[in-house]
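Each in structure tokens, the structures are laid out below.
The same subunit A turns up in both complexes below, where it pairs with subunit B and then with subunit C.
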Partner chain A sequence: MKINLLILLTVLITSIKAEIIIVTNKNSDINSLSHEAVKYLYLSKVNKIDNVIIMPLLSEDDSLHKKFVKEILNKNIEQYSSYWARLVFTGRAAIPRKLSKKEIKQKLMEKNTITYMDKKDMNKNWKIIYEE
Partner chain B sequence: MKKLALILIFIVINLCAQDSKLDLKFFGTLGAVYNNNSDYKFRENPFQKDGASNSLDIYTDSILGVQSTYKLNDDLSFIFQGIAKKEYDGENKASIDWGYLKYDSKENFIFKLGKIRIPYYKNSNNQNIGYSKLTIREPIEVYGQVPLSTYNGIEFIYSNMINKYFYSIQSIYGETTFDTPLYSNNGDVLRTKIKEVRSLNLTLGNDIIEGRATYLYGRSSTTSNSLEELFTGLRIANLDELADKYEMDNKVSQYYSLGMFIDYNDFIFSSEYGERQVNAFYANLHGFYASLGYRFLSFIPYISYAQVEMDEQTVVDTGVDGLNELLKVQNLAQNSTNIGFKYYINENFDLKFEYQRIQPKGVYGGFYIDSTNEYPNSRLDIYSFVIDFVF
Partner chain C sequence: MKNKSISFFKQFAKYYNSLSILKKFLIPSIAGFMFFLLLYIYILSNTNYMKESITKVNKESIPIYETLFDNEFLLQKISFELNNAVVVKELDLIKETNIYAKEMQKKLTLHKDTIYKKELDNIQKSFNEYYFEASNLSKDLIESTSSYDYIHFKTLLVVSTYKKVLKQYQNLREKIKNEIKKDVNSIYETSSWVLFNSSFAFILWIILSSLGLFYIYKDMSFKITQIVKESENIAHGKVNFHKRLSSDSIDELGLIVNSINTFISKLEESHKDLEYAKEEIKRFIADTVHQIRTPLTSILMNVEMIKDLQENDSLFSYIDSIDASINMLSNSYEDLSYITSYDTIKYNPTLISLSQEIEKRIDFFQTICKMNLKEIKAEIDINAYTYINTVELERLIDNNISNAIKYAQIEKPIYVNLKKSKNKNRIVLEFKSYANEIKNKNKIFEKNYREEEAKRGLGLGLNIVKNICDKYSISYKASYKNNQNIFTYTFDEIKKQEIN
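Let's turn to the complex of A and B:
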């Protein structure tokens, strides 16, 4: 009985755990990105991949953002802040504004914009271009 | 004072502007440094008059800065950075550190035109932004080899991916002039002009390991009242060969550097090697540093070692006392060991503490440490504490 309860609890925890995906408009010119490409785009090392200029969007959902930074960018939030301070204050890049869910939906109507989100928030207007 | 007023006007205009094309950001460091050795003044750069000498000094590392970006359109923007710190004649001064027109069409290349920072080293472009760095100061044994930070000209940067790696090619062209006050020489000033400044920088890596190589070329001319007197005297005495060899008049100056940076499983390692070659009275030299840190969440302790040595003996008998003395003082050899930590408070603040032990080896002291006495080559113990911020 105890074992069954444990299995049920594990299944429940796994099912409610947010799974982060990278999505874009279904009409975008990109169909998939490598893990490295996602990292380099979000760290502003590159803006254009396979001749497509890609615009990454940031979410103002703090827990989602931290999870993305940790799991996809493989950095902790302190590293990420310090990294961006370097980019911003050397004039290399401007840190993108964090957007609300509504703003992200609006922006994703444009081709070749990408964002991270919980897989459960996926809808038919978008396509997944990266998931772990 | 005029520059300070200009910066204030600049800030007010930015603050008043409702236009989203304008972006204003602030950064700074508030610090205190204690040097236990009264025979030396410890300074952060060669432009500082005062420093810590058996005393606590709050100006050595302290700096306030503002950065403003005005977007002309999606691709073009003006970016300026102004700083205020204590330097030159011992007064707090505000100045435009750099400012340029930037073209970035998001096609993986960036073009800049204006007053631009020279990308010698990994952190040469963000030396004033304490929050973006692990240590309080970059190792002077490498970062101090070329005592200039900006030039007027153009810069081109191209970045892209090869398989799982990113790379960046950065190239510059321009010229610069700057004055270095010689406090120990009756207020004389070293006037330097470097023409045909050219540099090529290559970076290759992934998010774990990164390699960097830089080559810098320029034609340097440096003079001062005392140097003019010395070299004019040599020529009057028909010692043209000696004057030609040591006078820095349109001399080819080169600098090479290599760097390696690793960030793996919370271990942070960085090392850079630099070599300066100027065929004049300036001594050719080479130096390196290596630092290792470990990230315990927000707390990062680190340890580092750095050293710089002259390529050749600087005690030379040229037959002219004044020239012998000039060559002798070029020996800036030293080594230093640092132990410290950085603690991230939040996305806007960090604090750092560092203990640094410097052993000057040069006849007249080391890099940026100004002897107040008879240059005893005694050890300096430096204790530094700073709070960095960005907004």
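Let's turn to the complex of A and C:
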């Protein structure tokens, strides 16, 4: 029982301490992004960095998404939702579709596509362009 | 075409000539009035067009433009309110946006009867679509129970309909802006064109009316000059009876021309009558002169015979009286004879001794002087020669002496002087007599002029003298000095050596 509890705590701590990174295809034209650039891309304020059109992807992993919104975009989920509602109602941008891990992997095969993920999910086909 | 033009101009000339002076001068004004009437209609039609354009801009384009702005503002308000509803998660706030949506629709409906109906319908349709989708999305976002994929597609729909509405607003705004621009440009171009055409028409009118007036003035001036010239000719007796004034017009000047032509015709008739009468009188005088010649010669010869056959002097005074009267009658006879024959008989000049001829004529007048208690004192240079016809010289001398006898004071001498000037090749002949001064020395040589109506005469003597002087360029003058009337005649002297 104690062992089980220890394992659970270890898993919880590990998951809490999950490190969020921004990755892209290793063949992409972008090599790194600043924090501000990541924010601007995900809040649909810009879609281009250094003349490279970048397509940000959202994860349907709710805890990862919330974590990303909180840590990277510095907003709570309500703020994030109302921000996107404003963009939608004023015709500036539609709320992006959230993708599954499989879909993200699929999409990351395209150049200049970025997404956020837990660092531990990193693989050799991608490169990190931002991490805290 | 050419014949038609010629025919038109002929018709116009005929019409022009049939007008009075006033109407002729009114032609440019009336033509100008018609011209400006057409111009006025042209300006009015253009002004109406400009008015329509301005009305369209003021009543349609600008209000619709304003409505579009208002509606865009309302659209923003709706999107803002829907966003608020989502943020605060209040479904009631969604319903409140209905007011704005209705206001938008109402504003759009107000302009449906304009040329932008189609565009406004499309906007309304797109807006309804947007509003419906956006309201639904708001509810979904508030309730947040639907799947995320479904919201994603709904947001895509809302964004695209919003963009569509905005685009339609922008397109219509651009269209209206272009229409206003086009209308304003059209007004500017039309007004510029009207201004240019009006200026051109005004200048054209000035030129054409000036030319018209100038032509009428020249026409009038020509006719008046013709009338004045012909009137002057009539006044100076130089009228040409074979010529008439030409006038195609029947205006006042044409009437004057016709009157003058009628007057000339009447004058011609009178002239013919007078010429005929003159010829008749001349013939009568010629016949009379011819009839007198034989008995007068007979009387003169018989008087001479009586004189010769008289054994005592008892009848001499009577015979002298008869002789003097016959001589005076003879003098008058010679005047009449000369007058009736000078234009038919050629009186050729010959070289004559003035000295001898004057002495001969003084001798002829001795008896007349004696009977009139007058005496001729002569101072005559000898050998004064000149070229003149004998008959004409006789008339010159006789008329001067007979006038002197007629008008000179009794028992006062009559001087006849013939002097040759030494250097100038001139011979001066003077007749001096004591008498009342001649009142009008210039008129004394005119035909039928008499100084004293009481003393009747033919009034021809000095006029015959004048005509003879003019024929031979003899200068003549009447003057008065030392109570004497002096008649001076200056002849060209012909020297003896010139004769040889």
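One rule holds for everything that comes next: the second predicted complex is superposed on the first by the 116 of 132 C-alpha atoms of A that agree within 3 Å, B and C clash if a C-alpha of one lies under 4 Å from a C-alpha of the other, contacts with A are read in each partner's own complex, and residues count from 1 in each chain.
In this text, contacts are C-beta pairs under 8 Å (C-beta built on N, C-alpha and C of every residue); 3 or more make two chains touch, one makes a residue touch a chain.
The structure displayed is predicted, hence computed values, not measured ones.
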Side-by-side fit of subunit B and subunit C on subunit A, or clash: clash
Touching partner for A:K127 - first (subunit B), second (subunit C), both, neither: neither
Partner chain(s) touched by A:F89 [first = subunit B, second = subunit C, both, neither]: both
Dominant toucher of subunit A (residue count), subunit B or subunit C: B
Which of subunit B and subunit C A:K98 touches, first, second, both or neither: second
Which of subunit B and subunit C A:K111 touches, first, second, both or neither: neither
Which of subunit B and subunit C A:S81 touches, first, second, both or neither: both
Touching partner for A:H65 - first (subunit B), second (subunit C), both, neither: neither
Footprint overlap on subunit A, where subunit B in one structure and subunit C in the other make contact: 78, 81-82, 85-86, 88-92, 94
Partner subunit A, residues of subunit B touching it in the complex: 23, 25, 27, 65, 67, 69, 79, 81, 98, 100, 102, 106-108, 110, 112, 117, 125-126, 128-129, 131-133, 159-161, 164-166, 168, 206-207, 263, 295, 297-298, 344, 347, 350, 390
Residues on subunit C engaged by subunit A in the complex (per definition of touch): 76, 78-80, 82-83, 86-87, 134, 137-138, 141, 148-149, 151-152, 155-156, 158-163, 166
In the complex with subunit C, residue positions of subunit A that touch it: 60, 78, 81-82, 84-86, 88-98
Of all residues in subunit A, those that touch subunit B in their complex: 34, 36-37, 39-40, 43, 45-49, 53, 55, 73-79, 81-83, 85-86, 88-92, 94
